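Letters are used for the chains, namely A, B, C, D, E and F, taken in the order the chains are written, and counting of residues starts over at 1 for each.
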Amino acid sequence: MSLSSLLVPAILFFALGMFACLIKSDLKFPPDMHKMIVIYLLIGIGLHGGKELAAANMADAISAVYAAFAFGIILPIIAYIILRVIGRIDPLNAAAISAHYGSVSAGTYMTAVAFLAGIGVTYEAYPVIMLAIMESPAIMIGLVLAGYSRRALGGESKNQKGMMKHLLLDAFTNGSILLLFGSMAIGWVISEPSYKKIEPFFELIFMGALCIFLCDMGMEAGRRISEFRSVGFFLVGFGIVMPLIGAAFGLTVGHFMLGYSIGGITLVTVLAASCSYIAVPPAMKLAVPEANPSFYLTLSLGVTFPFNIVIGIPMYYAAAQYLHETYYPWF
Amino acid sequence: MPLSPGILKRMQRIEIVINEEALDDLLSVLRDANVRGYTVVKKVGGLGSTGERDPNDYSLEQPNAIIVLICEEDQAEKIVTMLYPKLRGFGGVCILSDCQWTTGQPI
Amino acid sequence: MSLSSLLVPAILFFALGMFACLIKSDLKFPPDMHKMIVIYLLIGIGLHGGKELAAANMADAISAVYAAFAFGIILPIIAYIILRVIGRIDPLNAAAISAHYGSVSAGTYMTAVAFLAGIGVTYEAYPVIMLAIMESPAIMIGLVLAGYSRRALGGESKNQKGMMKHLLLDAFTNGSILLLFGSMAIGWVISEPSYKKIEPFFELIFMGALCIFLCDMGMEAGRRISEFRSVGFFLVGFGIVMPLIGAAFGLTVGHFMLGYSIGGITLVTVLAASCSYIAVPPAMKLAVPEANPSFYLTLSLGVTFPFNIVIGIPMYYAAAQYLHETYYPWF
Amino acid sequence: MPLSPGILKRMQRIEIVINEEALDDLLSVLRDANVRGYTVVKKVGGLGSTGERDPNDYSLEQPNAIIVLICEEDQAEKIVTMLYPKLRGFGGVCILSDCQWTTGQPI
Amino acid sequence: MPLSPGILKRMQRIEIVINEEALDDLLSVLRDANVRGYTVVKKVGGLGSTGERDPNDYSLEQPNAIIVLICEEDQAEKIVTMLYPKLRGFGGVCILSDCQWTTGQPI
Amino acid sequence: MSLSSLLVPAILFFALGMFACLIKSDLKFPPDMHKMIVIYLLIGIGLHGGKELAAANMADAISAVYAAFAFGIILPIIAYIILRVIGRIDPLNAAAISAHYGSVSAGTYMTAVAFLAGIGVTYEAYPVIMLAIMESPAIMIGLVLAGYSRRALGGESKNQKGMMKHLLLDAFTNGSILLLFGSMAIGWVISEPSYKKIEPFFELIFMGALCIFLCDMGMEAGRRISEFRSVGFFLVGFGIVMPLIGAAFGLTVGHFMLGYSIGGITLVTVLAASCSYIAVPPAMKLAVPEANPSFYLTLSLGVTFPFNIVIGIPMYYAAAQYLHETYYPWF
């Protein structure tokens, strides 16, 4: 992997956005543009995934689903313990932050796909299901941790069950998740010639649209990163270490347990290492209103996201390559 | 003011700021109170007891709405009495002030 | 025609939008996105039509214009009679609703085009002129019916002539119609190599953009459909029967009088069966302010549009196929 | 209020809600009245005698605009007198209320 | 008004219109004044001493923001005193008016 | 060059937009759509330019930079003298207007590119650097002229130096310029296969998107042109003569000094003849608040821009063709 693999347009546009923010440029994309590109990208990724899944092996797909649930449950618990024990963060903020790390970032995932495409590496279809699934369990675990914290703090336990049901419903009716699942289903059922008709819009121009999205995200990350002082050094460090821990899990599961190719391992690692900024923040704002949103948003958008985009993805890819060439999978 | 009282009429101005999600509920309360006119501004930001709200936030898109309502004093009283118990649920702000309506035809 | 012809992506995305609305998802597309896609689609359809027309037969084009006027005049009158005589709807609401059914829905037309493209059926260039023309006569007839009703009700007849002139002008300067006509003219005059330069934007990615448009329309239809109670069962029934009546006219004219291919008959039928939600509603709001907009909008967007998209188009296609294989055209 | 009268000055606040299409006409009336400051919010929704207006409605996109205008009492009178006859054509709402302007320099 | 004084409480309504660019500065002044609630409308147009502002102008995109703030009288005084010296730099408008707050819990 | 070269879709869409405005159509594009397309077009143009530059000759690039600075300095001075001496325009308005004519219009440049592409003419990569560079010197000269005028008027000279620094910074951090430079840099460094991935989005559909942009600009120009009365006949005439003077410079420099091909000369001429409506207006509003924005905006958007689009570009091309075939370059 040479330096040129970093010169992926998507990543460069992310850097351009951060640079614009750094030099206090008045560059600003219309907020609706962001929403529109997100809608487009989610549909594109869903359609593509659905089409691949139609040709895939069900048993393997189910293993991927298991892995997604495992990540969504184990990672937030590890995060919570680190935040509580090492960082001495108060329980409710710890719970809210943890939930984000059990979930995933579609933007990071797409950048990884662009990265792999840029260096011509193929990958399995299953990680995209994991992407769609991983939001929900993390939200649930976040709620369980918050409930546990509240009881530990001696507060009233609130209507935990009602909230759980409410959030489960929310996680399912969440626009982004619905769009992802819905277009996955559509990609699954439509015929090849039908897909060909919409492919130019959803695939051919996808990578270019991703560049604009990442330029925008770069500006957002730059804005958030400037608030890192209010977050404190421990949390910033956590925002870098936690994805590495997630990545270790991702590499292990992707290679040894799922037995994917280098590209597939990289994507699974990215899923485990990334941290949500779409579905989880509003859920946590609702479920744990006591937590400070600027903590989890700064961590997610200002620290972990840029870390993964600029350093993480190539690193995870190198690690996946190493593993794949050195060890056999367990199964 | 020297303007003829036929042109100006004393009325009440009610201004409410709430979460945009609660807007439909609020409007149906207003409709129940037989309100025949109001103005709504959406995508409004703000700070309140539930923290900051920014309609353009990437992750926590949470807009407020402003509702402005001009009505006669007794209707204002009725509306406030109806809204009062619900306002805690809605959150936000509801204020009244005096104003003068310029067209002779109040709604 | 197998079930798979229903699995056209555009229709599936419409269903996804309705589903999102049904399960009360928070999925919401930015309002400006809707406007932008409409602009894009209208230009695309106009350019394509214009280019085809440049190569078409003038005499045939003129027959299509006649047919468009005939639909725009006859269908609203039939609709008015049904609404008044069978439904006992008050005259002004009847007039406003009728006008919508003499007009067309560009969204339905484009879905039909996507449907035909999906199953590989070709069609004539003339229906696109009909699409552009059919808004105006329907608006005029709506106004005439409203004037007639007002006189029948013994009310003052208003400045009927001034209003007519005003609406005629409005119908011509209406942004959507202007865009359609303007880009049709541009498609007509530009050279083949010039067209090739803009074809990737306006044709290649058209079908994908249409999917996003229809997903949005699905949400809108879902929102409107939930108001059907306020509209009453008679009107909902009317919203399903009236397109069938229009379709009968469309099939007859398309096959026997215009002598089109199966694809062309389908499009003419769709034009006759569909009902405007772009140019007519604001015109009626202006011209017949006494009528209740929620009646004609619920009917147009919540009943007839989804009916045509999901059930109508494949049905009209099947009927066109049957006609074409069974009878000879009259001319 | 104990604020020095040099800081606060009694003025009138005029608030108008009209159809956005009529905005240019209204502003030219205001310019004729020599108004030197106003604030405009567009894409506003509402309910009034002509029914509901929603700036984001798919088919009946009909926005209102809010105009807010701070001026001295006698100018307010002049403006209201000029607007009064036109308001019926414009529709909407026009209200006056008292306020206090904080910078010493009224426009 | 016959509404019980438990429901209504006299407060001050502060309304500020400034250049959107100066908004962050203004909000930090407000935060320094310990304000715990405000409402912000962005993308607002207007006319003032610095000419016309249109948030949708192709070349001179220059939006204003409206800030509305309900607070108690003494806090209003404090805010105005703090804002007064900065307002010349910000430009725009700042007005105070009386209002009545309907939920028993002022911020 | 036949008439058909005028039937370039981009120019026809511009005309359609002006026509819509003329007949007072209610056609209106969402303001955010304009911003989004500008972002897209600037990135597209930058990427393309950067890629070409990567393969270009450094010495030639530097000549282009010199030429850009020369234009940015000389043209505003000429404009200022004409405005002051012939038009007797007051000094501060003259300074503000002049600055616009030293700068460039990306929209005009892109239309010229579309024009050349439409008739199959190739061009050098250097003009795109000139495009990116020419905003800044013009702003500086505008400020110098304003300072000179203020002193001549006997007014206090303001903090000229501070303002200069401020504007220099602004010109560099200006969103549009940053986007152009940034994507030029990205286009420069990325590899060919990387570029291929984003080419469909940024090149393939570019010309179509430009059509929508120009339709919108046509409406804006139409709106502005209607204010020409408030500007006076002298200024309107200036808005047509000044681009011709700029064009004379552009032709001379492009052919005799830079020795470009016909396409390259045309682009250099368009740069010299065009007049900014993106970065200069806000800079002048800030630096010369005494000047009346409706003067420079009407001139820029309502007179010079449409003149260049409809008449200028084909004329400059014809002149470039003539020069190229008749004279040898000096170097």
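In this section, contacts are C-beta pairs under 8 Å (C-beta built on N, C-alpha and C of every residue); 3 or more make two chains touch, one makes a residue touch a chain.
These figures come from a predicted structure and were not determined experimentally.
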item	value
Steps needed, at fewest, to go from chain A to chain E via touching chains	2
Chains touching both chain A and chain D, listed by label	B, C
Taking each chain's C-alpha mean as its centre, the one farthest from chain D	A
Identity of the chain that, by mean CA position, is farthest from chain E	C
CA centroid of chain D to CA centroid of chain E, Å	17
Interchain centroid distance [CA atoms averaged], chain A/chain B, Å	40
Inter-centroid spacing, chain E versus chain C (mean Cα positions, whole Å)	48
For chain E, residues that touch 2 or more chains besides their own	41, 97-98
Chain F: positions in contact with at least two other chains	32, 200, 204-205
Contacting chain pairs - touch in the sense defined above	A-B, A-C, A-F, B-D, B-E, C-D, C-F, D-E, E-F
Complex contact set, residues of chain B against chain E	15, 17, 41, 44-49, 64, 66, 73, 76-77, 80-81, 83-84, 87-88, 93-98
Contacting residues of chain D [partner chain E, same complex]	1-3, 7-8, 11, 13, 35-42, 68, 70, 97-103, 107
Chain A contact footprint on chain B (complex, rising order)	50-51, 55-56, 58-62
Interface residues, chain F side, partner chain C - complex	4, 7-9, 12-13, 16, 19-20, 23-30, 32-33, 114, 117-118, 120, 200, 204-209, 211-212, 215
Contact footprint of chain D on chain C as seen in their complex	31, 34, 220, 277-278, 281-282, 285, 289, 293, 297, 300-301
